[in-house]
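A, B, C and D are the chain letters, set down in written order, and residue numbers restart from 1 in every chain.
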């Protein structure tokens, strides 16, 4: 009870803060928050693979990019295509790609998995670069209109209004993250964690490992696709460098690592740190990636597992409570 | 004392697999460590060799403390290791498998313990015939001989030998046994883990029987012969 | 020689040049992976770093030959430092491959950004030394001397590598360690030191490739991208840790690239990844590999 | 009238040219506790792994409940009613004791792909899991991660996990490996209780465990069945003694 009361309080505070944020922070910072919302969704979707399934993907941008291109193409070619429809179709397209690739992906783990996903990510990058009549090559697709968000009979929102878009992105992000969080609490979520801990044992308990993994790839791909779609709606331009570049695959890994691998909420924390830090650094230097790279090395060397673990270790030391391994966060 | 192991404790994760093992080996002695599977015999050898890290205890070899030292330092101290399953380098030739065992790459002729290729081939004539074959292409018996020969090339004064007759045909078992006896005659002490009681009893001067994670019996071969109870408890069905 | 044949031959030599460079980079990567199980994502960054060092040394001393010696050595020193003080530390954490991959990824980022910070984002030209300038005519075919020089240089280094690996005690140790490093250390060989050495030599070889590539490809921040990705493909497809696999796949990829550009220019860059995805789908351990991690 | 729940017929297994199993005929009757023993290298573990679907036999058949299951994947065998434990503790080490057992309970109830309901709201699953934890004396450790358990308790969890899917046949691979004598004692107790009403096959080196648990014993030697019988019969068979001890060399 106490815990749920505290959770409720946290939610109220969070929603209140998120609600007034655009009015306090101004447009420029609100746009950073929009970016953050999309990035959080993206990082959490990757985290389903990294922390829950225990595989390291170097090609998650593939899903992000498919989502972004789907939205851009839909809006470019079909004038007035409903925003929600574009969003869901983008997620679906990415999820289906995940399913299609899964027969290959479930066969490998470890370094080979990382390399195979890297290969698929690069494949998509190059395909989109070369088929310029569809994708516009490195120039990308731009100049599509984002129609108003219509809720028939109730309201119509102007998506070009930054504040409106902020609330939209926030809603998509919160709903998406909540759904993924919920899935981790279902039997499937349990089995996936079991696969991470001990694949062989899961098999011996009567579960179909490849099929279970395939579902996770699809779900993870779906939400990465949604995140990509958000990007497309927000930026108004989708190009290979923006959504399919190898760095787009690496950034969420960094967020997870900085926030805390093996936890659900760590990546959200990590995303926040990464985006805010980048925003700060950008003001003083053009070399943001240099700082992030150093941060990356520092975290691997001195806080393996991430800041959330570091924090917990500190708490444990200060207050003598025994720190629990990943299970707590992963289940609880 | 030549090799002294005292109160050795080793863990695999939370599993306390060696619970205070104490044993010693005298100069030019063959000591057999017997017991059923899973009692910790191999782990004892690995803990001495540094292949697994022991948690506490004492391992003194020729007066030097080698407890917890990495394998290459233990090896340099004069201990040779013939592992379970031989672990021959499959893509090296027989001769290279032998040469890689030579400390520093050059046989130190002034060392009375040193073995040259000629000496090895004299003791292991079957290896000489196969000198240019890849390790992967040897039979089980040849691999075993090679594993012993490889360890000898490091001029050890003590050999740790783990299950040398496992999976070998009876005639090869005898050959391996005879080789170990011959090596011992040439001045190498041996600490032997062996499940073949016949081989162990005919070679060893003294015997340790291991129960779960501990030493349950120490004595000479004669004493073990006279102690059916110990045999029944630690070895028989 | 008919013009068509001549074109094919020229294309094949092009492919061979790139394949040789690729092998110089990939062989170090393969050895490191084979012995230590580490896929070093920063390996190609060392290649690039060395190209920048080359540019700098040439700018200072005006001597390409000086650069050919100094740049790889400097890069090698950095490699040794990375192995000794960073990788070794991460390996103790038991994070599995994720730790190694992420650390080396971080290093790759720092190098990529570091060169931009120091040398800017524009490309730098390194001039071909006069002695290697121009074309040579072989059997009625005109061909740039510098490319032939690269092939020769790579072949020389390969021969040296083969000599070390197959004719020296050190090579014996390395070959043995690829299959069972623990057993090697039980024979009295200080494996951590051997690891450091191999890491250093692998980095130096990547460095030599970087210097050789500098005048041909010009020096710019994206220099490592293609060869880096291709080198991973070589390691993965060649079979984690197999040097023989690395030779075969490097040369194959070189030709695949060259002829891919010739016949299906649009899809040429895709071919490499398609090839890797195909191989991994059917042989998750690669062509010549047995390693199960 | 007894029927065989598990049978291997002329089972062969080659491993890189080496014949590890050379025609094993094993019969396990429904409801019995059956031990497989034999000296090192006799092929016990290999036999165990071929039966449980880790390897496919090179030749011969594995029959389970009258069905040829040779080469079946582990999850299929599990669904048919076969459970196994591992010699090297192989639980879900980051998960709590409760979550470990629940993993088996979910599978038993056929809840394998559900991603729409919260698992902690499934009361029958929680109830059953708690009941099992009670039975295996791990109630107090409900929330402890498997890794934090004492060695003996971790081993109990390992064995219990094999039985969490409520199998008809449970295969135990050296359940007491690495245990102290006291721990072994309570493990034997636990195994006896948990296998009540099931068929059990055990591979074990600790002869005290074997003789106190097994109704029948199969002795394996050089990849073949050397003898089958009740414990007292086996204990007195000359060929079994010889296989374990070898012949003393006449001096």
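Keep this in mind: contacts are C-beta pairs under 8 Å (C-beta built on N, C-alpha and C of every residue); 3 or more make two chains touch, one makes a residue touch a chain.
All values derive from a computational prediction rather than experimental measurement.
Visitor: How many steps does it take, at the fewest, to get from chain A to chain B if each step moves to a chain that touches the one before?
Guide: Between chain A and chain B, the shortest chain-hopping route counts 2.
Visitor: Using C-alpha centres only, name the chain that sits farthest from chain C.
Guide: Relative to chain C, the chain whose C-alpha centre sits farthest away is D.
Visitor: Between chain B and chain C, tell me the centre distance in angstrom, where each centre is the average of that chain's C-alpha atoms.
Guide: 42
Visitor: Roughly how far is chain B from chain D, going centre to centre by Cα mean, in whole Å?
Guide: Their C-alpha centroids are separated by 32 Å.
Visitor: Between chain C and chain D, tell me the centre distance in angstrom, where each centre is the average of that chain's C-alpha atoms.
Guide: Once rounded, the distance between the two centres reads 49 Å.
Visitor: Give the residues of chain D that touch two or more other chains, as numbers and ranges in rising order.
Guide: Within chain D, the residues that touch at least two other chains are 147.
Visitor: Return all touching chain pairs.
Guide: Between chains, contact exists in these pairs: A-C, A-D, B-C, B-D.
Visitor: Under the definition above, what is the set of chain C residues touching chain A in their complex?
Guide: That would be residues 39, 86, 89-90, 93, 95-99, 101-103, 105-110, 112-114, 116-117, 229, 232-233, 236, 240, 266-267, 269-270, 273-274, 276-277, 280-281, 284-285, 293 of chain C.
Visitor: State the interface residues of chain B toward chain D in the complex, per the touch definition above.
Guide: Going by the criterion above, the answer is residues 12-17, 19, 36-39, 140, 163, 166-167, 195-199, 201-202, 212-213, 235-237.
Visitor: Looking at the complex, which residues from chain C come into contact with chain B?
Guide: 169, 172-173, 175-176, 178-180, 182-191
Visitor: Can you tell me which positions in chain D touch chain B when the two form their complex?
Guide: Checking each residue of chain D against chain B gives 18, 37, 39-41, 87, 89, 147, 149-151, 154, 174, 177-181, 184, 205-207, 219, 234-235, 240-241, 244-249, 251.
Visitor: So in the complex, the part of chain B that touches chain C is made up of which residues?
Guide: Against chain C, chain B makes touches at 49-51, 70-72, 74-76, 81, 83, 87, 89-92, 96-97, 99-101, 103, 105, 150-151, 154.
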